[in-house]
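Once you scroll down, you'll see the structures, which are given as structure tokens.
Below, chain A partners chain B and then partners chain C, in two separate complexes.
And then the complex of A and B:
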């Protein structure tokens, strides 16, 4: 299974890609604790969509992983995986472990 | 003007799609295209992908390759489409699935994956294919007309969802053009259909490319969510 820290680095690359496109008040800090969406979050709904797309693209480019992050599994969770950088990294790690275990 | 601009056209092996490849190469576009089969003698400067538009993994691979090789996509033309003329009482469900897969699922997948690439530059043009069979409520074309009605709805909703990303989404609604799509339709049916148009003639490829040219020109950045039917339908 891929190290959590590797996934967080990939999400940081997505943040680097996205930040120049965001208005200054929405720009994201590269920290595991950064709140993405919801209370205290910086992104509006369109910003979150763009971040998820950037994260999917970076996963493909940097780790050759093809994942659709915003699927029914993610949406049906009680706690959104898109809350913080850390929760999203954890969710991606779970999805990868599932696919590795068949 | 079009130098460095890239266009992806689906269904390029024959008919309108094949014509559009040459049309946009002449305008200086870098042209990518796809179809389920290989293209015979592809023109220079054109890259062909053998992809079924309803195959999610294949579509993603194609867009990833375009992204890696060229880094941008300016225009998507969702031309790939199939029809089947049949009375509803005689239409097998396999035909229903086949038409919906290519015409609806294929359009959705291409729009989604292309928009992911386009939104990086906050700029893009998507042109979908509708048909006059929908507003004319053509008998014998229930599934085809319904599938293209779905494309009209997609066009209208995606126009709104993608507008903040700088991407316009429009559709052209051709009249019958003499291609394989209408090969098996009886001549008297065709005549009756042409009689319902304001301008009673078959469409030409150039009628369609003229509308696409309008939708994708830089000056059309305030035009989105529109369906332009040809022939005065």
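And then the complex of A and C:
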């Protein structure tokens, strides 16, 4: 299983790629605590969708991992995995552990 | 006159709140006096009935009073919200706007003349009838939006029956048929319309809690975002009685989850098109995708699996496209449906159209734009399934000569952002080998699952 920190670095790369496309008020800071969506979050729906796609693409490019992050599994969780950079990294870690064990 | 029934309702409810805007409450008495103000002003300035009036606004007290005054004065109103900013000039030209009213963020109105003459035969027909008009825009198949002209006398007929008085949130847009439906439903029952500065889950839930909103008309995408944001846990939504959704296919899982979270709320599906208006509907149950649609003034039939509607309130026609009606006056919706007794299940467009959060994107529009860029040999735009917005827009592009991919993708997205509404901008741009295309006999758009 990958270190949480590696996954966070991949998410930072997604932030770097996405930021220039976002209006200034939606740009994301590279921090594990950065809120992506929900209370205090900066992204709107299209911003969130773009971030998730950028994250999926960076996972493929940088770690050869193919994952669909925005799917029914993610949507049906009581606590959204898209709350912060850290919760998303944790969720990705869990999904990878599942696929390694399963 | 066409809105006398509304004036009667307003007069009965003078002290009741009609509109909540920027956390201020405006009564029906206020709305009535602003309506009278605008009526006098239109008369004083010699605005002729039949004049095509652009109304750049969002839901606000002045915008609503002005819209009603334009209707009562017999003009053709063309509401345009900030959401269509990138297409504004095109829309004004297509509608052949003669006069522009702009309602600013402080709810102050400026008026300016425009250079067009509205001489379209459909406008002539409306003037011959002596009826007010309403122009709304919907996505067109070739990238040019269709301008839909309604006879407002027909459109308003269904609101003359008094129904329930519910505090309702203005979630859907002021220049969409569903937003117009929300507005007239609320006004015709003397209810309160709660407006919001933006449509994020927290803003919407805060307004529901603060103003005890009873009816929340939203999109499937909003419900996904609501669940992800957890906003429903931070606010007291106990006042809600109905959540109405429409305009995009609702995944059953989302529906079931909402039914669990809001056990006391009736969740119902709405169905309408810009061409025929919004039908009355009844869902089989809160967690069921099966719905009965119709109501007075509407008839439905299914031909080859596609829903057709015959409506008393159907539009006069498109200002910029041929008539879409069958010879016997039925409108072909293009929506594939499954029938089970009186109930239908709506599966959405049977075409290449991509539905992003309830907004329709026609691939050809995006393709035509990307083809204008330097170094693009060919492009195929298609939808890919997404759990949040239903679908996302993707583009496969082949290049004339090699180019660094990150820079090229940024260039494509940047150009699209300048020229397209945000939901039409491709989220994924893939550079593909030209050979894959040349071996195909024709462009095949991958279908989302």
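Just so we're on the same page, the second predicted complex is superposed on the first by the 102 of 102 C-alpha atoms of A that agree within 3 Å, B and C clash if a C-alpha of one lies under 4 Å from a C-alpha of the other, contacts with A are read in each partner's own complex, and residues count from 1 in each chain.
The criterion applied here is as follows: a contact is a pair of C-beta atoms (placed from the backbone, for glycine too) under 8 Å apart; a residue touches a chain by one contact, two chains touch by 3 or more.
These figures come from a predicted structure and were not determined experimentally.
In the superposition on chain A, A:5 contacts neither chain B nor chain C. Look at A:48: by the touch rule set out above, it reaches chain C but stays clear of chain B. Of the two partner chains, neither chain B nor chain C is touched by A:31. By the touch criterion stated above, A:21 is placed in contact with chain B and with chain C alike.
Ranked by how many residues of chain A each touches, chain B and chain C are led by C. Contacts of A:66 after superposition on the shared chain: chain B is touched, whereas chain C is not.
Legend: residue contacts after superposition of the two complexes on their common chain; A:99 is shown touching neither chain B nor chain C.
In the superposition on chain A, A:80 makes contact with chain C only, not with chain B. Comparing which residues of chain A touch chain B with which touch chain C, the overlap comprises 17, 21, 46, 50, 53, 57. Residue ranges of chain A in contact with chain C, taken from their complex: 17, 20-21, 37-39, 41, 44-46, 48-50, 52-53, 57, 70-72, 74-76, 79-80, 82-83. Chain B contributes residues 57, 60, 64, 67, 116, 119-120, 122, 164-165 to its touches with chain A in the complex. Per the touch definition, chain C reaches chain A in the complex via residues 200-202, 221, 224-225, 227-231, 234, 251, 253-254, 257, 357, 386-389, 392, 406, 410, 413-414, 417, 422-423, 425, 427-428.
On the side of chain A, the complex with chain B involves touching residues 17, 21, 46, 50, 53, 56-57, 60, 66.
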